[in-house]
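Okay, so chain A shows up in both of these, paired with chain B first and chain C after.
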Partner chain A sequence: MKSGHRLQPGFWAGFCIFGLAACSDLSQTTLDSDGKIASLFAWNIPDDVPLPVEPESNPLTQAGFELGRHLFYDARLSGNGTQSCGSCHLPEKAFTDGLPVGIGSTGELHPRNSQSLINTAYNATLTWANPSLRSLEQQIVIPLFGESPIEQGITDGNRDEILQRLRDEPRYEALFADAFPDEGDPLNYDNIVKGLASFVRGLVSFSSAFDRFERGETSALSASAQRGRALFFSETLECFHCHGGYNFSDSTTDRSQTFIERPFHNTGLFNIGGVGDFPADNRGILEITGDPSDMGKFRAPTLRNIALTAPYMHDGSFASLPEVIRFYAAGGRNITEGPHAGDGRSNPFKDGFVTGFELEPSQEQDLVAFLESLTDTEFLSSSHIQNPWTDAP
Partner chain B sequence: MHNVQLTTNLGNARTLTLAANDWQQSDTGIALIDFQDKADACAGDTKETHTSLTGQVPLASGESITGLTFSIGVPASENHQNQVAASTPLNLSSLFWSWQSGYKHMRLDVAPEGGITRPTDSGFSGTTWNLHLGSTDCTDDAQNGDEVSCGRNNRPDIILTDFDPTQNHVFFDYAALVAGANLSEDSAGPAGCMSGLTDTECSPVFAALGLNLTSGNTDTSLTQSVFSVR
Partner chain C sequence: MKHPMKRSLPTQPARRTLTYSTLTLSAFIYSSLAPAHTTGSHAISEGLTLSAGLATTVRSGPDPLDTPWQIPGKLMGGEANLPESGFTLDDAHLEATFRHRSGVVAGAELSSHHDSSVTFEQAWAGFQAPEGGMLRSASLMAGQMNAAFSPEINLHASRSAFSTPRLMDSSFYGGHFNDTGVKGQMVLSDWQLGAELWQGDTFPATPGQGGGSQDVFAYWRPSTSSAQWVIGGWLLHSRADQRIDERLTSGHSHGTVSVTTADTVRYDGGEQHLGVHAGVTFDISATVSAQFVAEWIEAHAKGTLKDTTHLAELEGDYRGYWIQPSLIWSGNQSLVFRYERLILKNRLSGAGATALVDPAGLGNPGEDPESMGISYRFYPILSQSDSAFWHQLGIRLEWTRVDAGIEDDYVGIGLLFRAQDSFAVN
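So, the complex of A and B:
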């Protein structure tokens, strides 16, 4: 690791000398010697939550966020003009789509479930299973240009036409100019990626009922949710080992951290043939590393807003939270017939914390009530993250 | 390809300085050889191809070229850059290998007559058998300012002898490349070889390129059969 991706105080000082107008956005934060709370963006998060890392090459600004919001919801940014990022990442579903797996602009099925985009700024790695994807700027190239599967479907053959579509949209001239004021012709793919990354990076939320409860508002959680909270953080259920911390994921990083962990886990969802195999199109980080012991290892996603993001798991295996809880209670999934037959409970690569537990039906309800308390309705319904094209004149 | 060198009768290996054009970068020594004119069933409009390298090499008096060496793919120093801001030919999105933060070192997609079937899956029906060669097991993220390194580089080194640029061509033999593969059948995963260690279609293709699939390095115990001098 290099320290280069962390904010340097000198960088910000230099930025302000040449861009005094932008510094007015600093009203909520002040520059300190560590750069830990320096930002041009109004993050609106509690004081006890550290700020996420911003790349030096793309510091988050309000103008970048606003440009990204327009691009995110713009179907013209797909090869055939039919699909935007927002087609698979809907705000009312915490930026998921309600489908087992995503569907690309040409109808191709993605092997994996569309993930929530809330708090991805804190992800130590991005997507379900890729240890080297650590910046949104690197990750976003994949849905834009990827061919296996095709998502947005931008190709060498249509990329110029797509840029022209954006040039023809009157709103973009000012949006790009505001986000990249020092560039003569800022409408290009580099800045499209930076804009999209800015919008997604700014989707940060810590105002669920659970958060209010933790801040002392005892009435924010029902008695059932409070019992579920105790179960969730118990050594009996072990949930918090992978879904712990302020973002309910052990794959979390921020500006306060020196050592960054990037864990992945096999939860015993499959054990094809009894040798630990997962289906050929979904083998976890083994696909990246080639290490046989990485079979079936995926990143633990945040549980924030989890009640809105069904179906669950990397392939949409489970339709509801009770199904997921029963899966973990069983310590894995036993598939008794068909091409995927095998007892996942004895997958040789299974994580040591997925050992199973027993729950009374009322306890299962309590646990679901707790998970439902992680939904941040206030943030997900706020106007500044919604589709800006629906109110077009 | 990159690191193009001409070996000479005096025992020198002299670097070919590429002429700069849309397909070649003189500063990095990277060139894209492109045979795809899209005049066939490939999607998209017909396009130019680039089937020869142009450049300069200094020779001493009495020195003559006797051989050619090059490495396939994009060198590590250029493989993990910001692709959407890269200069030609590294701006071609069809050669992005973004899931490993790099580029495809070689891409050869063909549409076999009769299509592709999968013995284990009667519902599978493919049209294209793909070879995507790229570095795998890569760590860190260049967009974060990290220096990316890959466990398997998968950049074959090609050494050709008895080469006289005034008389000879370099011959690329696709048939030899896939001689050990069955183009009408796929076992699992993406149809063809996408450089994965567990991708069963990769084993014969890597061997034909002289590449060790496990290490990702050129293996001197294997003899590449794809490139020859004619």
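So, the complex of A and C:
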């Protein structure tokens, strides 16, 4: 600028200061979750946990949940009238049965352990090892109508008879009508499946001592459990990599997710012949995909309520939590004799996180204390999930 | 050595003697005490020029963080770091620039900032046209360089009034802006004009297809017999493709049940910045000068955030400003006040909005990040001679209060050193 200009530095400096001050505003972050919190069902889920996905063809309602609860505990919904879904999924055992493997209505053994149904709504895939099973509506037809193994034993030969049993039950007329008010004759297998799926979908639990601790109730966890919590989430033990997140499983999905991950893991339970094989009737998602590298890969189940769901693993081969912890500490299982002999620790398809670790006995107790803190006794004892037929006349 | 400031000395007869002596001294002192805007020519001197700087500080805080520093409400990255308590090496650099009489120019710089690693910060070459008429300099350079769009963005701690980067530079540019690219600029009379094209190695851009940054800038630097001004600004556009916060390493520790961590959140989108820089330096008396410098940025970001399972759209409107009044007296002392503030507004939409907001560091409780500080610098050793060599040794006392992801106030005492020498090359 030339000398003739009249710039007054002090004036302009002051002008800038006041100008900046006048433009003061507040930072803010706004969220539009695209209607992802809309639901007809009272989920009773903490704010920091996203809602599960509800299929458009079967939105969850209280009436659907209630219908499903009656169907779930009704043994008439089996071929021989002896077994209900609740026979293998007992609420007091976090909806497992305490057996190594499930037993069908005809006595046939299921090759796999009966899984907990708690928070199944969040499962990215259903059952132990089926990447194609994505919805409860898909999955539920398997125990109802499956022939290998037979579970509920509903067949073409008895399906009408079973339906008639339900028609004969006075409660169902109102239950079906409430759940499917727009249908003239809603009592059919399609709606039975929807009802059952609604009940199972509504079994969500986030009120364990661990949950209360995470929400600030510091006395909710014992000192031992707190030490176990630190171990669980440590890089040394690596537990959280497969059993992390709000549902303690990496195979978790919810409404906030656009991309669905469907992880499966080989934990080194077997290594038959030293070539990575698992028992012929239980080979993980290899049975679905046909990919040899999928040998022995199973879905990581939720650890919520895990203290109630013994025995553990897909084949129920460990009776207690300390056994499971020692298995992971060893980095797999070494079977030295018998038809399944082989060192699972060196299974070529074993997950990279199962590398083993060392634990003092007191640390093992701490870890068990933490796992026990994941039990939601409040939910499991609540009346709305119990067998409604126990008070039947 | 011909200091760039001397090019803007007044030529009118009035007050020539006093003004010349004052501004000559000020020009030299300003090289350490004044903001960078007072040296606007950017012309490379003929021959070889070596310069070095060192800044160390002992601070009372803040305590080291377990995780990288996160300003609530802004995606961060680059080398945005808070200083730590104790002794730190804030800046150590050695720079060489060369200009052949043919106009060929080249430069290189080794430096270390806030850690022990030494990196090649600059390595560039180009051509500088000879002065003529209104044209005071014009150059075209290519290579790894510091950006020139803001006079202060890449100021070393040995020259800056404070030992720590501004919130604005940390949040918008990852601490500083150094990238590989092409730079063209010219100084025409009182105007400096330039454009830069970057390949995107530096935050907020990413390199490769879908990434990169471009900027243009213009500054007007008028002066009177007792005041120097700079008024100008820049426009910057950057693109990021699947950008992650590289400050986060894989050696993470999980204390909560959340499996979504910031290092898995990726940003794909663009940012546009409009920056305004203004400053004035004026004499209050023969031995006292005052300065006022301010910078303002308006930025807009639009893109997508995602991790392995979540997706959300992000729109961010950000504003940042800092003001810095200062006094310089006796030729070797300065007192500087700095206040800065960020206003960060984000809108996340889509299914993954709730899940991604906190892992991405975008949660903001409605508080504007801000900081303020006071710095006093004293140069007891201030060599100035007719030779091309000069050196300065000083101390810095500073107090800083920061409320941006952390709340802390701390004091620091530091040592400052700078030296420069020029050599004729036949």
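In this text, the second predicted complex is superposed on the first by the 360 of 393 C-alpha atoms of A that agree within 3 Å, B and C clash if a C-alpha of one lies under 4 Å from a C-alpha of the other, contacts with A are read in each partner's own complex, and residues count from 1 in each chain.
Operating definition for what follows: a residue touches a chain if its C-beta (ideal position, glycine included) is under 8 Å from a C-beta of that chain, and two chains touch if they have at least 3 such contacts.
A quick note: this is a predicted structure, and the numbers were derived from the prediction, not measured.
In the superposed model, A:257 makes contact with chain C only, not with chain B. Contacts of A:244 after superposition on the shared chain: chain C is touched, whereas chain B is not.
Applying the stated contact rule after C-alpha superposition, one finds that A:233 touches chain C and leaves chain B untouched. In the superposition on chain A, contact of A:170 is made with neither chain B nor chain C. Of the two partner chains placed around the shared chain by superposition, neither chain B nor chain C is touched by A:184. Contacts of chain A with chain B, set against its contacts with chain C after fitting on chain A, overlap at residues 1-2, 5.
Against chain C, the residues of chain A that register as touching in their complex are 1-3, 5, 7, 9-10, 12-13, 16-17, 20, 23-34, 36, 50, 214, 230, 233-235, 240, 244-246, 248, 250, 253, 255-261. Residues 1-2, 4-5, 55-57, 130-135, 137-138, 141-142, 145-148, 154-157, 159, 188-190, 192-193, 280-281, 283, 286-291, 339 of chain A touch chain B in their complex. Within the complex, the chain B residues that touch chain A are 43-45, 82-85, 92-94, 96, 98-101, 120-121, 136-148, 151-152, 188-190, 194, 196-198. Chain C makes touch with chain A in their complex at residues 10, 12, 72-73, 190, 222-225, 227, 229, 251-259, 278, 280, 282, 290, 292, 294, 296, 306, 308-311, 319, 321, 323, 325, 341-355, 357, 362-364, 366-369.
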